[in-house]
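Chain naming follows the written order as A, B and C, and within any one chain the residues start at number 1.
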Amino acid sequence: MVKQKEKKLRVGVHSLTGCAGCQLSIYFIEDILLDLLDKIELIAAPMIKGANIDGPYDILFVEGSVSSQGDLENLKKWREEAKILVSLGACATHGCMQSMKHMMDEKQVEQTVYNKFPSEKNLQPITAVPLHNYIDVEFLIPGCPPSKDEIVQILKHVLQGRILRVYDKAVCHACSLKENYCLLDQGIECLGPLCNGGCQALCPSFNHPCTGCRGWLDDANIGSGKKLLEEKGFNIDMLVKRMTKYNALQFLEHEKKAKEK
Amino acid sequence: MGKVLEKKRLKEFLSSVSKGAELIAPVKSDTLRFEIIKDFDDICLEGRPLFPVKKFFSPARHDIFKLNLADKNKAFEEVKNKIKPRVIFGGRLCDFNGLLRLDKLFLAKEFQDEYYKEAREKTLLIGINCVPAPSKYCFCESMNLDKYYDLFFHDLGDKYYIEAGSPKGESLILKLEDYDFSIPAIKCKKHLEKKDLSGFYDSPAWKDGSKKCLNCGKCTAHCTTCLCFDVIDEVDADLKKGKRFKEWDSCQFTNFTQVAGGFVFRKDYVAKFKHRIYHKLQYFRERFGMDMCTGCGRCIESCPRLIDFTETVNKLK
Amino acid sequence: MLSKSTPLKIVKKEKQADKTYLFRLEGSGKKKIKFDYKIGQFYQVSVPGIGEAPISVCSFSEDFLEFNIRGVGDVTDKLLELEVGDNIWIRGPYGTSYPLDKLKGNNIMIIGGGTGIAPLRGALKYLEMHRADFERVHIFFGCRSPEEVLFKKDMHHWDRIFDLNLTVDKAPANYKGKVGLVTKIVEESGLDNRNKVVLICGPPIMMKFVIKTLESMGFHYDQIFLSHERRMKCGVGMCGHCMISGIYVCKDGPVFRYDKILGMHE
């Protein structure tokens, strides 16, 4: 990607609708950032910098989902300015909480929320979706929050000029390699077998069940997964809610596919 | 004829045979795992760990080369193994038979895995008999396991009957008292009907067996003999140095057979399921004259949906 | 387990098509290396810090080694960035080969598609060097478009000394050569199976249909040798990625006589 070695990689970080926690994951890699700083230059990061330059960016991280007309306009502008645009975090990659609207009556949700905040009337909400529903993205870093190791790896891969690949093995893989005592065997409703790993099974390693913040596996067998949770005696309504916490859109798609079969 | 050891002398015996070596045995914390023993009292011989012993011979993640990206002539530097002598105590017959299978691949005539080879040479295997079978998923009785160990213990209440399986093992129990006993065979509830699978590839039974599969790869990670691995390069943040490491992989993942350009050769759940079972019960036998499965039942017990391939195989007619 | 890779120096880099280059490698030190590889074998080629990929030999010489590399992934993309004078890291050679020395006295049919032509180039070099030992040599090559025809210089040469049949899948209207699938030109040749051996290499789907065509022309499976592509990590029959029906493509292949792998399950 970077042909002239002396030229630093121009990196930007921008936000759409979200909690801004994903940005923090970038700033949390400060120990490694120091090593990378002679190779990259953070030209726009409104959260931590006073002076921010508009593009062009060699690599632009965008967090948050597209949830308003304003978001969409910003996103389209950034797309034009960025060579590599990376969707950062569950909102940008999967829609996250905001997209739970897809499981409910959208108008009702909007009224309930925005009637309380009349000053925000000009928000012009649109159905919350991940970035790639509107634009092409070069890469996705899922997770809520995204793993800082993965952010570092992506930066390294971009600097190396490598093809970026989304990790696509189940959470169970890393969990088994670590020899964690399976939470499902302990009667805890873990979604690990259905969900994309790449997180080093962080939550299950601390006895916290996986809730799928990195999205469903492309070939997740959700039907069998539901059966499993039912058989274990978990409340399936509660679990569907949990299963759609981050990935309502992907879940609906899987359900649709299952029905077609 | 073997020897006998009073249980109260076990600690003394183990500390003498593991002098200067790491002692590895099952330890119960939240669950049972094979671990390096720090305190003899941690050893737990109730049940068999769901995680196999293969990690001591082919670790889940293991550096092979240090990379010097800038060095035009010496980019690769072999990582020196630092394997201490070890004693594994409390392994089961299925565990040690698993090593016999791994030997076939990692110690093949043409190419050998140095880490595995060194670890094997430096490890003393002390097994314990299963009375009763430690899990309802065990079916080793169907698998004709070999008496493969240096020493093998059998619980006689207040003492252990010990049999040697190698000259090395024999030399370790010379001083113990002789004892006349014959170790009973392991009895399992579950059985696997041994059959030639070559004619059953298109049987609908496979589909039934695989439709519950979640693609999570737990079966292969917990398997005593699954050894497939990936080789991955990773660079440091300065992009000057890095490493090439090996990590366990699984034939149950879709990208296992993906080539550059994106094409995946083995995509279906059924095909992946069949590949795993055929490898265990057919392909390996055709090549090495023994099944790759040792009947430990770990793949069934660890599967979130308890997919039981023995049921599938038994159904084939 | 994985033997250490050794560096070879790039002495020639020649563009073949879009994102496709032919690299010639020699020993990187002062001393000349004598190469001992067979046609159809492959090397594991490394870019340190990126990874390793299996690449078939596309030459036949003691003095040098040639790879035809198309940028289709992490490693191959990076290899294309290397220039004459740079080093390429290799280990090998691995796998089985086209047993040409045992096929003497036969008519040889060579059928290749796309980058699958590369390993067959070595075979043609061998046939040229041992021309008197073989009867006729018929070549059938298929490429996607006229621009993607590999080894154009060699093609002219082969056309002179062998029976070369070249086709492209798609071409502009003014293209003078043959247009259509490779199966078509094989069929049109009207050759029978007498005293013939066929060597094939190409994408899985192409090989499947070529074999069907050959079958309909009366060829037996034991007359056909083909080379398989699979994901490989170790190259020495350990890592498991390339296994099909218990056969390690890296070790038992990549070149198989077709009757030996008949009915293999993916």
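Just so we're on the same page, a residue touches a chain if its C-beta (ideal position, glycine included) is under 8 Å from a C-beta of that chain, and two chains touch if they have at least 3 such contacts.
Nothing here was measured: the structure is a model prediction, and the numbers come from that model.
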Legend entry - Centrality ranking, top chain (CA atoms only): B
Inset, instruction - Name the chain whose C-alpha centroid is farthest from the C-alpha centroid of subunit A. - result: C
Legend entry - For subunit A paired with subunit B, centre-to-centre distance based on mean C-alpha positions, whole Å: 37
Inset, instruction - Express in whole angstrom the distance between the two chain centres, defined as the mean CA positions of subunit A and subunit C. - result: 42
Inset, instruction - Just give me the whole-number Å value for how far the CA centre of subunit B lies from that of subunit C. - result: 39
Legend entry - Of all residues in subunit C, the ones touching two or more other chains: 49-50, 73-74
Legend entry - Two or more partner chains touched - positions in subunit A: 160
Inset, instruction - Two or more other chains in contact with one residue: find those residues in subunit B. - result: 235, 239
Inset, instruction - Show which residues of subunit B lie in contact with subunit C when the two form their complex. - result: 64-65, 67-69, 72-73, 75-76, 78, 105-106, 108, 110-116, 201, 227-233, 235, 239, 242, 244, 246, 249, 251, 256-261, 263, 265-266, 271, 274-275, 278-279, 282-284, 286-287
Inset, instruction - In the complex, go through subunit C and note every residue touching subunit B. - result: 1-5, 7, 28, 46, 48-53, 72-76, 87, 89, 204, 229-231, 233-234, 236-241, 243-246, 251, 265-266
Legend entry - subunit A residues within the subunit C interface of the complex: 160-163
Inset, instruction - Enumerate the contact residues on subunit A facing subunit B in the complex. - result: 32, 35-36, 39, 152-153, 156, 159-160, 168-173, 176-179, 181-182, 184-185, 192-194, 217-221, 224-225, 227-228
Inset, instruction - Flag every residue of subunit B that touches subunit A in the complex, lowest number first. - result: 30-31, 33, 51, 55, 60-61, 211-218, 221-222, 234-239, 247-248, 250, 253-255, 269, 302, 304-305
